[in-house]
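If you scroll down you'll find the structure; I have some questions about it.
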Amino acid sequence: MSELRYREAVRAAMVEEMERDERVFLVGEEVGHYQGAYKVSEGMLERFGPKRVLDAPITESGFTGISIGAAMVGLRPIVEYMTWNFSAVAFDQILNNAAKVRQMSGGQLKVPIVLRAPNASARQVGSQHSHAMEHFYAHIPGLKVIAPSTPADAKGLLKTAIRDDDPVLFMESETLYNIKGEVPDSTEHLVPFGKAQVVREGRDVTIISYSRMVHVSLDAANQLAKEGIECEVIDLRSLRPLDEATMVQSVTKTHRAVVAHEGWPYGGVGAEVADRLQRLAFDELDAPVLRATQLDFPMPYNAKLEQYVIPQASRIIEKIREVLYQA
Amino acid sequence: MPDQDRDSGERRARPAARQSGAPEARDADAKPSTGPGSPGGAPGAPSPGPRSPGEAAESGAGGSAAGSGGGDPSRSVETHLTFYRQMLQIRRFEEEAARAYAQGKIGGFLHLYIGQEPIAVAANAVLRPDDYAIETYRDHGLALARGMSARAAMAELFGKVTGCSKGLGGSMHFFDVEHGMLGGYGIVGGHIPVAAGTAFASKYRGDGRVTMVFFGEGAVSIGDFHEGMSLAALWKLPIVFVCENNEYSMGTPLSRTMSVEDVSMKALGYGMARDRFFVEDVFQVRDHLAEAVERARTLSEPTLVEIRTYRFRGHSMSDPGKYRTPAELEERKKKDVLLRSRSDIAAAGFEKQLEAIEAEIEAEITDAIRFADESPEPGPELLEQTTYAGPFAR
Amino acid sequence: MSELRYREAVRAAMVEEMERDERVFLVGEEVGHYQGAYKVSEGMLERFGPKRVLDAPITESGFTGISIGAAMVGLRPIVEYMTWNFSAVAFDQILNNAAKVRQMSGGQLKVPIVLRAPNASARQVGSQHSHAMEHFYAHIPGLKVIAPSTPADAKGLLKTAIRDDDPVLFMESETLYNIKGEVPDSTEHLVPFGKAQVVREGRDVTIISYSRMVHVSLDAANQLAKEGIECEVIDLRSLRPLDEATMVQSVTKTHRAVVAHEGWPYGGVGAEVADRLQRLAFDELDAPVLRATQLDFPMPYNAKLEQYVIPQASRIIEKIREVLYQA
Amino acid sequence: MPDQDRDSGERRARPAARQSGAPEARDADAKPSTGPGSPGGAPGAPSPGPRSPGEAAESGAGGSAAGSGGGDPSRSVETHLTFYRQMLQIRRFEEEAARAYAQGKIGGFLHLYIGQEPIAVAANAVLRPDDYAIETYRDHGLALARGMSARAAMAELFGKVTGCSKGLGGSMHFFDVEHGMLGGYGIVGGHIPVAAGTAFASKYRGDGRVTMVFFGEGAVSIGDFHEGMSLAALWKLPIVFVCENNEYSMGTPLSRTMSVEDVSMKALGYGMARDRFFVEDVFQVRDHLAEAVERARTLSEPTLVEIRTYRFRGHSMSDPGKYRTPAELEERKKKDVLLRSRSDIAAAGFEKQLEAIEAEIEAEITDAIRFADESPEPGPELLEQTTYAGPFAR
């Protein structure tokens, strides 16, 4: 075990896998000489050279397509977007090539590619730079979507992603890059996809979350604990595939659930979780599944308004009181 | 005029070594209308207005196309017969596919390549079997030229599990990895960066492969064309960009899709080597493409090749083609390279061989239809394993 | 009243609004000289000339952006995509400009633009050409998403869309273009957004649907009627805004609901409807809200497999039996 | 060399009327290194390697920049003082914004324009008040030059409701419709088609307006640049594409973002008029842009203008700028156009007017900071009405 920052854990996963497999390379804007816009790839150019750590011009669709093509013929590209927001210009490549080539080719080809970047809100970066893009991508069969909340999972899930034979979209968070945590040193520390984790046990209500919101959920849980309300907190870690068993098991115990995530309420991951719970645990639910999400507005710049729009522990607590009929 | 036509219609990229310098260097000696061999002349050469290949042919290497031997072994009748066979296979395959479509045996879109056959055939002739070729939805011709069996191709159109893509892809998505056919794609321009990616992989591995990507002139205005070109030029990827300019993007003539008719001019902004010509015969196409492939193979440098051609059928089966006159179409059909090859070869005294080939092709296509008809359909069990290579993610 | 095909109703709405307002124009691929890839704009070039009916090269992002800019300074563009699938290359323009300009400008600007095209499955056109794109767009605040099922609604809702001051995404269907229906002749036939319609009354179960699937739902309802099962069928018509009142009212009567739509199950409109119903009518539901959707695969070419993947009346019936606990 | 520098560094697009022909026609008379006035020379002229503006200046219209009059009234000291005032306002505004950012009064990204002021100021000088200007996220300079008040600008940075975008946009999204500032946009290239759209509207209405859109050299490789250029050229839109080539895209020098350093060469592929020069002084920039605006206004034809410039600060406040040497930076700062203007004007004997202007600007910026500090913040009630113009859709 070593104590690493989330940023360092992501880097460690890339470095270990690149040491292990010649076919793995990293491409993106400023990943090389600049050492990464958020310093995630710091030192990697020096270590692996310009052949395997490529600075790309501003052509997200272009280098996403290039990486898909390279993956089709046997390489294992890691694409870093400066942030997930910029994947919007590569949306067609992800929807129509990354997710379709395998079926279009009748299974002759596979696309082992990892697309990774910080996702969702940062701090006051405005409406065009604050998107939670997982809600678009998790909808698409052919893709896998991962969103770790801790350094240990960031490393273990990214290593699994790089070794995975399908396109994996890996959601990091600018606001998590500096958090520290114990991370297994083993180069075989692989966290499987589709396994959620109960990060806090509780009997009264289940909070289902992922990425940064797991920490906010724990904060909410701790506040409620003072009142004797015991929340169970589930870190999904993997959004597609989604771990139904762990969610249902918890709700079968608590009979109440609140889903907490960044991004807008309409559709998306939260609606899917609510849909599955009411479908798979209908008789277990003593209250509707509620959601604590970003409010249904583009993200405003003003600091107070931004905090008002982003889901806070207070919003989670409010929803919990509702499902406990305390509201 | 013939002379000018020849300049622009037959412009050749300069030999790779000299080509590779900065465009400024290339253009430093630009003159009004330099002859072939000086890309510097490119911007200088008057643009040919849309013209019938006839004019171009008049100015072209007509005689040498006969293949009736002379000195040049690369233009031997044997080679010509091989090309004729491949072009005829594509032609007959698609004529029968059109018939099957009318009978409702084929669904969805069906985009025919008829009229453009010499391009796919010539391209395949200059590619190694292990090189990568990537196409648009108009992909039957290239797939067959690359070596896909008529059976696998026809079965795919019929949606059968014996098809090249197991009946899951259909006409627009012909894949045959074994024969270096990396697919037909349905989103205009979307496959261009992907092709740059296979070229990237070849350079990364140093496997000496070349990628050739095909697209229509209608794809030149879209963002992915620009990004693919930009990255291929910046990273010096071993790729040949082949623009099959058939003068129409669905119903829209190129005058209404582009402000500059000369697509190859786009290469200037990327400092990329370029070539441009009007199709006259299959050898001519081969020789032009050979130069670009050589540049990619030996120097790992991309080339943009614009080939002016024409499609004899509608954009797809559902297109009545009202946007062009019967007269224009007839004029173009007179220049059908397939017919020209046949008459050249016949004139050289090889009528028998031609007839033998034609009989073989008939049998092959008839067999392909029967095979496709009799083949089983894909089952639902294929859906999970073709959505994910690993365990299904739900 | 006149009997019009869906295609003619869409055209009538455009023609009437272009006659009424000089600022309205139509741009897209093949909309002019070719008379529209699906003949929707037939005759419009002749009628309005090349200034107001523009054939665009294949540059969806480009002409979407141009239309957004034109709308910002006072024009009222109608953009036709050959199909909604191709909007994927314009995704960033729609997400980051059409939906954001108003907030970014502090409300100084509005973007009165209509984006329209056939959506969802056609017949055997393969995985890249069979997307139900509403599931991506309905997620985005700042946009409105409309999906009419009849000629009368197609005309009335499109006219409302063209007069609306916000970006409206209008989902048509290639498979509906030929259906006929009575359409009011009035040039003031305006159908309001956010109002669903009960197209069949029933007491036993509510089927919630839109666009082509409304017809499939009615088919399912008629089959079940033979067994004495009376389905109420709701045509949402408008996906964003969503008419909660009509849905809740119906479920309060039937106590059971099945959502039927094209497109994949994960997230999207169906999950949102299920989420809202379990939230707003929790105590009224006698069974979980179930969904009949496209199966979770890219669309295959083979005709039988395509029909197997697309939601059919049989799948709706199956889900209805489940909510009636007859399964 | 100076001669060649002048050719390439001072290349002028040909007068619009002659410019408008097909690129072939334009280039028909291309010669090795033609002087200004012949775009045909463009591809022919040797590309200037990266060089300090100093050299360009040496070869430039140095003397005439003094503005100390001579005959040319358009270069009068009065005009120069006006430009100096605007450039200084931008400089001082941003210096104080940087300070406020350090104090935590400003959040998010803050991209400073310092060093590039002459471009926005010259651009505004050739635009009518009702023309449309559209920017990237590096938008403070253009907004102020267009006439946005320092108060509205600073309040926006502070996130106050009195800001130009009510505090909802922040540094990257300055909008002032009344002053023809149609916004700062955060997605590289995304605003280029939007700008083509405002130009489209002007042509549609025949309102005689011109749109000027600004972007960095880093935006030239992305798809939306290509699509915006393609459509503007095809539809002959009244727009000027201004590429502010400051040699870096974040930390990446242009040598690693583009295969051809001469961005203006991209215009050849669209048959679009083009211009390219290294910034020497504000009058020079104005005169170049005036030509392009004239072409848009009178002929409704687009122009691509590449302006070689340099930013003195990091990409944004969070960028330490390790990718360039202090020496390089110092060298460039010596060529600061703001200082050059000041010394030229002073040399012409107008020190007093300069000091008066400087005092005014100080007062204006101090007032803007106070105003921003004291202004109220936007309330949640703004969110619904700025998401939809009509009723909220949920």
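Going by the order they are written in, the chains are A, B, C and D; count residues from 1 in each one.
Please note the rule applied: a contact is a pair of C-beta atoms (placed from the backbone, for glycine too) under 8 Å apart; a residue touches a chain by one contact, two chains touch by 3 or more.
What you are looking at is a predicted structure, and each value in this text was computed from that prediction instead of being measured.
K.L.:
Suppose chain centres are the mean of their C-alpha atoms. Which chain sits farthest from chain C?
P.N.:
So the chain farthest away from chain C turns out to be D.
K.L.:
Comparing A-D against A-B, which pair counts more contacting C-beta pairs?
P.N.:
More C-beta contacts join the chains of A-B.
K.L.:
What is the distance, in whole Å, between the centres of chain A and chain C, each centre taken as the mean of its C-alpha atoms?
P.N.:
The computed centroid separation for chain A versus chain C comes out at 30 Å.
K.L.:
What's the distance between the Cα centroids of chain A and chain B, rounded to whole Å?
P.N.:
Each chain's C-alpha centroid was found; their separation is 42 Å.
K.L.:
Hey, how far is the Cα centre of chain B from the one of chain C, in Å?
P.N.:
38
K.L.:
Counting only residues that touch at least two other chains, what does the list for chain A look like?
P.N.:
Within chain A, the residues that touch at least two other chains are 57, 59, 61-62, 85, 88-89, 92, 96, 103-104, 126-128, 141-142, 240, 266, 296-298, 300.
K.L.:
Mark out which residues of chain B touch at least two other chains, giving numbers and ranges.
P.N.:
165, 167-169, 173, 185-187, 190, 221-224, 227, 230-231, 234, 256-258, 382-383, 387, 394
K.L.:
Considering the complex alone, what residue numbers of chain A touch chain D?
P.N.:
On the chain A side, the touching residues are 29-30, 33-34, 37, 55, 57-62, 85-86, 88-89, 122-129, 266, 295-298, 300-305, 308-309.
K.L.:
Touching residues of chain C toward chain D in the complex: what are they?
P.N.:
Against chain D, chain C makes touches at 25, 51, 54, 56-57, 59, 61-75, 89, 92-93, 96-97, 101-110, 112, 141-144, 164-166, 193-194, 240-242.
K.L.:
Mind listing the chain B positions that touch chain C in their complex?
P.N.:
Residues 107-109, 159-160, 165, 167-170, 172-173, 185-190, 218-219, 221-224, 249-252, 256-258, 323, 377-378, 380, 382-384, 387, 394 of chain B touch chain C in their complex.
K.L.:
Quick check on the complex: what are the chain B residues that touch chain A?
P.N.:
Chain B reaches chain A through residues 132, 163-169, 173, 175-177, 182-183, 185-187, 190-202, 204-205, 223-224, 227-228, 230-231, 234-235, 382-383, 385-394.
K.L.:
State the interface residues of chain D toward chain B in the complex, per the touch definition above.
P.N.:
The touching residues are 22-33, 40, 43-47, 221-227, 230-231, 233-234, 256-260, 262, 265-272.
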